[in-house]
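Structures follow.
Each of the next two complexes has subunit A plus one more chain, namely subunit B in the first and subunit C in the second.
This part shows the complex of A and B:
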C-alpha cells in the first residue's frame, strides 16, 4: 500500500507540473523547456529553508513558489522582449546553466543533492497526509488554471495566440500577459517542487534534468494540449503505465527498453491518429474551441 | 474643424527602399480621407507608422495635438487609434461576439488581478461591452451571426466583422486598410453606410482603397501616394482628373 501511495503522490505532483506546463505552452503558446528548473527552484528553496531556517512548510513552499515565479519573470521579461522564438533558446540556457550551478554549489549540496530535509509530519499519519495535500493541491491547480483560461482572461489568451498583432493593435498588452502567464505556470511548478522536497526529504540535480520537460510535454500532448483535464489524464497514464509494467515481472533487460518503446509508440500513435490528445476536440468537431473543450 | 491626426515629416526606409518620404498629412474630425496609389506606394506602411506597428526613422505623429511617438502599438490603440487590416486578422478560433469583446479600448479581462479579485467590476464591464458589440453588429445587419465562428462566415461578412471589431474602439481616429477588397453586394453597401456614419459621429477616418468609386462616393479629399511620397493632395475629382496620376495608377 505504501508503494501505491507513493506512486499516487508522485502522480499528483506531476499532474501539477503538467497542468502548469500546459498553461504556459498549451494555452499561452510560450515555447519553453525550462519547466524542470522551476520545479527545482521550488524544491531547493523550500528544502534549504526547511533545513537551515526551520521554517514552517506552508511558508517555505510558498517562498519556493515565489522564488520560481521571480526567476521566471526575469527569464521571460528579458527574452520575450527580443522575440517569442528567443524564449526557447533562452529557457534552454537557463535550464542547463542553473542546474549546473546547483550541481556545483556547496549550499545546494552539489551533485549529491540536498538530504535530511526535515519531515514535518511523522508516523502513520504521514502518508495519508501527503496523499491529501498533493491530491488537494493538484485539484486546486487544475481547477484554478481552468478558471483562468475560461473567463475573460482566457478569451484574451486565446485571442493573443490566434493573432497577436491584431490583439496588440486593439490595445491589449500581449507582452505583459505572456509574462504573467509564464510567471503563474512557473510559480505553480515551484510549489510542486516544494511539496516534492518535503515528501521525499531529498532532492538532487538529476531529478530536474532538461529531459524532464520532454516527459512533461508528452503528458500534456497525450492528454490534450490546451485542455483543462488533458494534463491530468496524461500524467496518470504516463506514470501509471511504467509502474504497471513492473508487475509483469519481466527481466530487466527487456523491461528497460520496453518502457521507452511504449512511450515512443504512444506518442507516434497520437501524432497520427489524434493530434489533439485524449481530451482534445476530435477532428470531426472543428467548431469546438479550446475554451469549450476545457 | 478640429484636427485629429497630423503627421510631420514622417520618414521610414527599409534598406534602400523608402516607404515613407517626408509624409505630412492631416485628418480632421468628421472627415473621410482617401489614400490611394499603386501597390507598394507606402499606404499600409503609413498606417503601420501611425498605429505604431512601425517606428519612423524620423518625424512625429500627433493625435489631437498630442505626440504619440513614444507610445507602443497597444497604448496608441488605447489612446484611440483604431485600425483594420487588409487581411482582417480575425481571431479565428473564436466566435464573432468574442472577437468584438476583446476589442474595447479598456478590456476588463486583461488583468489577472482584476479578474481574480474584482469579479463584480469585470462582470459589469463585460455586460456593457456585450451590449455595445451587439449594437455594432446590429447596425451591420449581423446580429444573427454573434455566436457563429468567424471562420464559418462568408468573406464579405468577415470583412465587416473586422470593421465591427475595430469599432469597439471608440477613439477619435479610424484607419481602414482596403475595407472593400473582395467585398461586393450587400456587404459593400453596409461598409459604405457604416463608414459614413462613423465619420458623421465625429471620427476622423482614413481609408486605403483601390476601389476608386468607393473613394469617390465617400471622400471629399484624397491623397495620392507613390514610392513613399505624397504626389498630390486634393479633392477626389482633382486626383482623377490629373493625367499624370491616372497614368501612374491605372497605366492608361
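This part shows the complex of A and C:
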C-alpha cells in the first residue's frame, strides 16, 4: 500500500538520522543541535546535482554525504576544542547561519525551496525500490554504527566521552576522535538528506529548522541513548503514533491538543518510568541491583 | 426480565421501521456511496486559525449540497487531514488520500505545502486543486496541479497599478516577509508600480520570525515614500504598521487579502485607519449571499470567520467539485485524475455562489479584485478592479 510504504520510507530515513545523531550525542557525548543542517546539506547538494547536472543518484547522494561531512569537519575543527555548552552554542550558530544562507540564495530556491527534483525511478517500481533502498540504508547505518561502537574503537569513544582528561592522559587524541565521530555522524545524516530529496522531490528550508533537532533528540532519548537499536524504536514510535492517531477520526477539538502534547507526554513518561529509554539497560535489573548493593 | 428484553427489541425494530418510512431521503443517501472530497489544511499549529475555518466552510457547503440532494444523488463527505502548514505532513496527508482513501482529487493550500505535494500528484496522476495559496510558481508545478484561487500576480499587480494611477502615489516603499509569499509578491508589486510610472524608493525584507522592525522602518522613513506596501502574514503585518506609527510614519499603507480580517483592526485600533486590503471574493455589498453566510457562521460557530474571502473559496470548492462530478456523471466516465482535469477544462466556466464566476485559464485563474479600506474602525469597500 502506497501510504504505508511512504510512511515506512520516511521512518527509515529518520532511523538513519536518529542513529547518526545517537553516534554523535549518545556515544560521542558531543552536545550539538546542528544535525538538521547536515541533513539539509545532503538534501540540497543531491537535489541541485540532480537538477542542474543530471548526475546519477548514487553519485549525487554520495556527494551530498561528502559535502555534509566536509561541513561538519569545518564546524568540528573550529568548535570541538571547546565542548559542552560552548559546542552547543557554536552548533546552534552554525545551524541558524547556514539555514539563513540557504533561505537567501537564489541557487537553493530561497525560502520557496527546491522543487522539480527529477524522479529517477518512475512507474510502479518506484515506491518498492525506495522502500528497499531506505530500509537497506537504515539497516546498514544502524548495524555499521553498532559495529563501530562495539569494537575497540567504540570502547575508546566511550572512554573519551566518560572521562576525557584520563583518556588524554593515556596519550590518546580526543580531538581527532571527536572530529571522526562528528564527520561519520554528519555524513550519514547527509546521505539521509540525499535519499529524502530523491524520494520526495522537494526540499525547503523550513523542513530543516533547528526544532527538528528536538524531534531527533526525542527519538534518541525515547529509544535509548547510546544503544544500537534505540533510535530505531524511537523513530518508529514518534513517526508512527501521530499517523495512527489520525485514523481514530477524533473530533478536531480533541485531535489538535492530542497531537500537540504527544511529545511532551512521551518524554515526561519515559523520564519518570524509564530514564534510559526503551532499549536502555533497565535500572531494576537484578544485576544492577546487586552492583548497587555491593 | 426476558419479556422486557423482547419488548425492547420490538421497540427497536419498530423504531427503525418508522425512521425508514419517515426519512426516505436518508435511506436513499445511504444506498449510494458518498463522494469523498479530501482537503489537507493546517488544523493545528500557528496557521490552525485559518485552516480549521477553511474546513468549517467546506463542511457548511457539503451540508447545503447534501440537503439539496447531493452530487448526482450521492452524498458528499469532507475528509479533512492536518498539515500544520508543514510540507512533510502535507505529503503524508496526500499519500493517505491516494493510498488509503483512493481519492482521484484533493484540495490543498499554503504555498510550501502545495509545492511539496505537487510531485506526488503528478506521479500518481491525481488532481490537486489549490484553494488558498498564491505563490505564482504554483502555475508551473505540473500537469496535475491546478488552482481555483488567484495567484499573487492577480491582486498585487492590480493594486500596484491602482496606487499609481488612481491614488496618485509615486514613491512606494515595499516591506515584505522573507519567504515565498513575500518575495514573489514584492517583486510583482515593484514591477507593476514601476511600469505604471511610480518609483519604488525602499525595498526591504524582514525575517519571518522578526518582531522588531525599527531599523528597517527608520531606513524606509529616510527614503521618504508616500505609500507603504507591507506584504507579510497576519502575525507580523500589524506589528510593522504599529511600529511605523510609533516612529511617526503617517503614510497610507496597503497590504493584501491576508489582512482582510477583523483581528487586524482589533489589534491596531486607530493605527489601522486608511489601511487598504485586497479581497479576491465579493463582499456583503457585491454578493447578497455573503451576509446570510456570515450570519449563519456566527450562529453556528459563535464568532466571525477568520479570513472570510478565503472561506468563501473553500465553500465554493464543494460546488466546483459538484459541477465536475456532474459533468462526469453525464458523460458516463469514472472519476479519475485525468477525467476530472477534462471536466475542469471542458466546463471551464463555473458559476460559484460565494466567489462568483470562475474561469479556468490553464493552470491559473483570473478574478475580480475588491479593494477595501479601514474607515472608522471598519472595512468599507474602496473600489473594484476587473
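Please note the rule applied: the second predicted complex is superposed on the first by the 277 of 294 C-alpha atoms of A that agree within 3 Å, B and C clash if a C-alpha of one lies under 4 Å from a C-alpha of the other, contacts with A are read in each partner's own complex, and residues count from 1 in each chain.
Rule of thumb we're sticking to: contacts are C-beta pairs under 8 Å (C-beta built on N, C-alpha and C of every residue); 3 or more make two chains touch, one makes a residue touch a chain.
Given the structure is predicted, the values throughout are model-derived calculations rather than measurements.
In the overlay built on the shared chain, the residue A:202 is in contact with subunit C alone; subunit B does not reach it. Once the two complexes are laid over each other on the shared chain, residue contacts for A:170 go to subunit B alone; subunit C is not touched. Within the superposed three-chain model, A:159 lies in touch with subunit B and out of touch with subunit C [touch as defined at top]. In the superposition on chain A, A:126 makes contact with subunit C only, while subunit B stays out of contact range.
When the two structures are aligned on the shared chain, A:180 is found in touch with subunit B, with no touch to subunit C.
Once the two complexes are overlaid on the shared chain, A:88 sits clear of subunit B and of subunit C alike. By the touch criterion defined above, A:237 reaches neither subunit B nor subunit C.
Looking at the shared chain after the overlay, A:1 reaches subunit C, while subunit B stays out of its contact range. Comparing the two interfaces of subunit A, the one with subunit B and the one with subunit C have no residue in common. Residues 148, 151-153, 155-156, 158-159, 162-163, 165-174, 177, 180, 184, 287, 289-290 of subunit A are the ones that touch subunit B when the two sit in their complex. Contact residues on subunit B toward subunit A in their complex (touch as defined above): 51-53, 73-75, 77-78, 83, 85, 89-94, 98-99, 101-112, 115, 122, 126, 149, 152, 165-166, 168-169.
By the touch criterion given at the top, residues 43-44, 48, 52, 55, 80-82, 86-88, 91-92, 95-96, 98-100, 111-112, 115-116, 118-119, 123-124, 135, 137, 141, 178-180, 183-184, 208 of subunit C touch subunit A in their complex. Residues 1-7, 10, 103-104, 110-113, 115, 117, 119, 122, 126, 200-202, 204, 206-207, 243, 246, 252, 255-256, 259-260 of subunit A are the ones touching subunit C in the complex.
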